[in-house]
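The structure follows.
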Amino acid sequence: MKDPVYKLIELTGTSAVSIEDAVEKAIERAQQTLKNLCWFQVVETRGSIAEGKIRHWQVTIKVGFMIDEGAAH
Amino acid sequence: MKDPVYKLIELTGTSAVSIEDAVEKAIERAQQTLKNLCWFQVVETRGSIAEGKIRHWQVTIKVGFMIDEGAAH
Amino acid sequence: MKDPVYKLIELTGTSAVSIEDAVEKAIERAQQTLKNLCWFQVVETRGSIAEGKIRHWQVTIKVGFMIDEGAAH
Amino acid sequence: MKDPVYKLIELTGTSAVSIEDAVEKAIERAQQTLKNLCWFQVVETRGSIAEGKIRHWQVTIKVGFMIDEGAAH
Amino acid sequence: MKDPVYKLIELTGTSAVSIEDAVEKAIERAQQTLKNLCWFQVVETRGSIAEGKIRHWQVTIKVGFMIDEGAAH
Amino acid sequence: MKDPVYKLIELTGTSAVSIEDAVEKAIERAQQTLKNLCWFQVVETRGSIAEGKIRHWQVTIKVGFMIDEGAAH
Amino acid sequence: MKDPVYKLIELTGTSAVSIEDAVEKAIERAQQTLKNLCWFQVVETRGSIAEGKIRHWQVTIKVGFMIDEGAAH
Amino acid sequence: MKDPVYKLIELTGTSAVSIEDAVEKAIERAQQTLKNLCWFQVVETRGSIAEGKIRHWQVTIKVGFMIDEGAAH
Amino acid sequence: MKDPVYKLIELTGTSAVSIEDAVEKAIERAQQTLKNLCWFQVVETRGSIAEGKIRHWQVTIKVGFMIDEGAAH
Amino acid sequence: MKDPVYKLIELTGTSAVSIEDAVEKAIERAQQTLKNLCWFQVVETRGSIAEGKIRHWQVTIKVGFMIDEGAAH
Amino acid sequence: MKDPVYKLIELTGTSAVSIEDAVEKAIERAQQTLKNLCWFQVVETRGSIAEGKIRHWQVTIKVGFMIDEGAAH
Amino acid sequence: MKDPVYKLIELTGTSAVSIEDAVEKAIERAQQTLKNLCWFQVVETRGSIAEGKIRHWQVTIKVGFMIDEGAAH
């Protein structure tokens, strides 16, 4: 078997609920168009505030997935 | 309308419950004396341990808010 | 409405004129194929020198845009 | 004369024009309420995009100023 | 009393549930063999993905504990 | 001629042999679907261990390539 | 008792004598207007030179203090 | 099965031959006293020079290994 | 002679006197249980404040020491 | 042809006008005594303030140039 | 008057006594061959250990000095 | 004997062969004009690509050497 090559993309998931939920949202969306998701790394945790309360957690992650032949774009 | 200017302050919220709760505590307190809170960024996540258990999550954030004329101190 | 998910891509714009022009060039090009561009962050500012003068500013930015269902590739 | 002590505050200036203009806007506003501004350092350069064009440069700076007795708050 | 000296060790806790749970798992395990755990700092937050869902949160922390005489190994 | 714009993608190449081989594997794969590869930067060097020996070098790189009109996706 | 919230401010102390003296100068000044100072972290150590000798150590620190209700400005 | 906990230790391997050889030397030594080595990350690459030639590559890595109950010291 | 392998451990020394004294305290303690200490690097300089004065300098260092066969735990 | 070797030097250019002008000033000065300047990277952007206005932009860059045989000092 | 240009060089001073003394040693040496030394920044603080005691503090600094026409080498 | 002072210079070595070879090329060149080279640290690893293959490894290092009296320029 050939040595695998992975691609990393960077996504920002958002959620009114929690950091974990924002990450899950981003991974769910990635899963709709990408195969072979393998791992993620949290890059930054931010959020927006409205009327003195957290409106959205905004968590930026890198997601790594194995790429097939001819899929590096 | 004039181009807005924002100020960032750095706060450490604490909570026995969760990272999210520590951040909310810090924002609630900021909201008591500041208007126009807009966003936050998590800077550092630490905690204290007592008897082998997490006693307090200590989450340091920067909070950005729009400043009015004459309020940059 | 669903919680939005954003993707960040990294581009290097170049310009003989200024840093701002290099960033604008990168965003213009991104705009040709991507919808819903929202924000950018400057990652690195470099340049090439020819005959003792700046030939090109090379400014690397991350551009964030909201992704639709089925568009995370 | 006593050894001076300085305080640093963090501001985000915004401008539709340029990075320099965003920094100047932030310093002008600081100048309205603070005396003895001495230096600044650029911390981050970002911006918002609307309809494929840069709407605002958002430049975060630290501004250092000498503090008098009884002014460290 | 002598000035205390602390040692920091680096652990990665894992959990299918949350970031907080992964940190608690790491601290529980440290507690089995170490006395005087005092604080922790989150160093990195990653995770593994299986079938498009988060399988494990992997949170790396540093844990600081006071060392007795003759226990620095 | 117009000022060129470049895109950077992030890839992790793997190899049982060496760091250089892992980078070459990643670039070969990128070359299958992308034109005009120009440069790379090593971002991180890691590896997996099996039975006390290095099984795979895992080297993450950014690869920069010139983008044509209408190719920034 | 409520979970405490802390604020961090950034100060640069100066001294012709030593790094420690510069930090102490900054904390003394903070103490004139702030209650409940708890900890500090050294952020940067610089200095000015005059006639080939160190004129001033310039040490930038963050100082954390517990904030009371209504004091986050 | 319980969620695994990993410990990371930091080692500097040395070699007159190559970066890869220095890393292998460090892992071999770790393997003599530790079970379940899983992964490594290169932290720093340095070296000593003697008579204008590289005498030793000095590569600092973190090595992660799964810890059993009662083995976190 | 074989190529040496070093281990790095992280310690926080404390002192009411100075940064140097805090580092020395940490090294003295390490010396009680470890042979062949070779070098240290200062990682972080912090401190605690009591009644407006520095109570303890807290200096975190990495200490490197040569490991013998069978001593990597 | 031999593989080229480059040297990087660090310069701070200053200008009352703009970031770009400060960089150009630094490169112009380097060009007076160095041949074969190839590229630069912006390392830090700071400035001095006088009477509430920016007096000087101070932009620190690294400049890379190809070195001839016998010119590495 | 022309806008000044500064050059930064990196030096490691050593001392058996203190961090401050190591920095002073480095500046004294720089002063022997360079005019117009203006400022320094501490980049790294390390040291060597012999027989369980600190033998040398090794403090790396950048030193900035104003350069005259034709002196950028 | 006096406490030694070291100078660090930054070089980029290039090689079509390997990272190690690029570093050796840079050190060889430094050796032509500098005495007492002591150590190096790898700062950045990049490379250029031509026709989908690595053309040059470009490895930037800092090289430290002991300076004699009157040689700090």
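As written, the chain order gives the labels A, B, C, D, E, F, G, H, I, J, K and L, with residue 1 at the start of each chain.
The definition used in the following text is that a residue touches a chain if its C-beta (ideal position, glycine included) is under 8 Å from a C-beta of that chain, and two chains touch if they have at least 3 such contacts.
No experiment lies behind these values; they were computed from the predicted model shown.
Note on connectivity: the fewest steps through touching chains from chain A to chain K is 3.
Annotation, chain C versus chain J: rotation angle of 120 degrees from the Cα superposition, expressed as a multiple of 5. More than half of the contact pairs of D-G, counted by residue number, reappear in one of E-H, C-J or C-D; that pair is E-H. Counting C-beta pairs in contact across C-D and across E-I gives the higher total for E-I.
Here the spacing of chain B and chain K, counted between their Cα centres, is 38 Å. If you average the CA atoms of chain B and of chain L, the two centres end up 44 Å from each other.
Each chain gets one centre point, the mean of its Cα atoms, and the points for chain A and chain B are 24 Å apart. Residue numbers of chain B whose C-beta contacts span two or more other chains: 9-10, 18-19, 73.
Pairwise chain contacts in this structure: A-B, A-C, A-E, A-F, B-D, B-E, B-G, C-D, C-F, C-J, D-G, D-J, E-H, E-I, F-H, F-L, G-I, G-K, H-I, H-L, I-K, J-K, J-L, K-L. Residues of chain D that touch chain B in their complex: 9-16, 22, 25-26, 29-30, 32-34, 56, 60, 73. Residues of chain D that touch chain C in their complex: 18-19, 44-49, 52-54, 57. Here chain J touches chain L in the complex through residues 3-10, 62, 64, 67, 69-73, going by the rule given at the top.
In the complex of the two chains, the chain D residues touching chain J come out as 18-20, 23-24, 27-28, 31, 37-42, 63.
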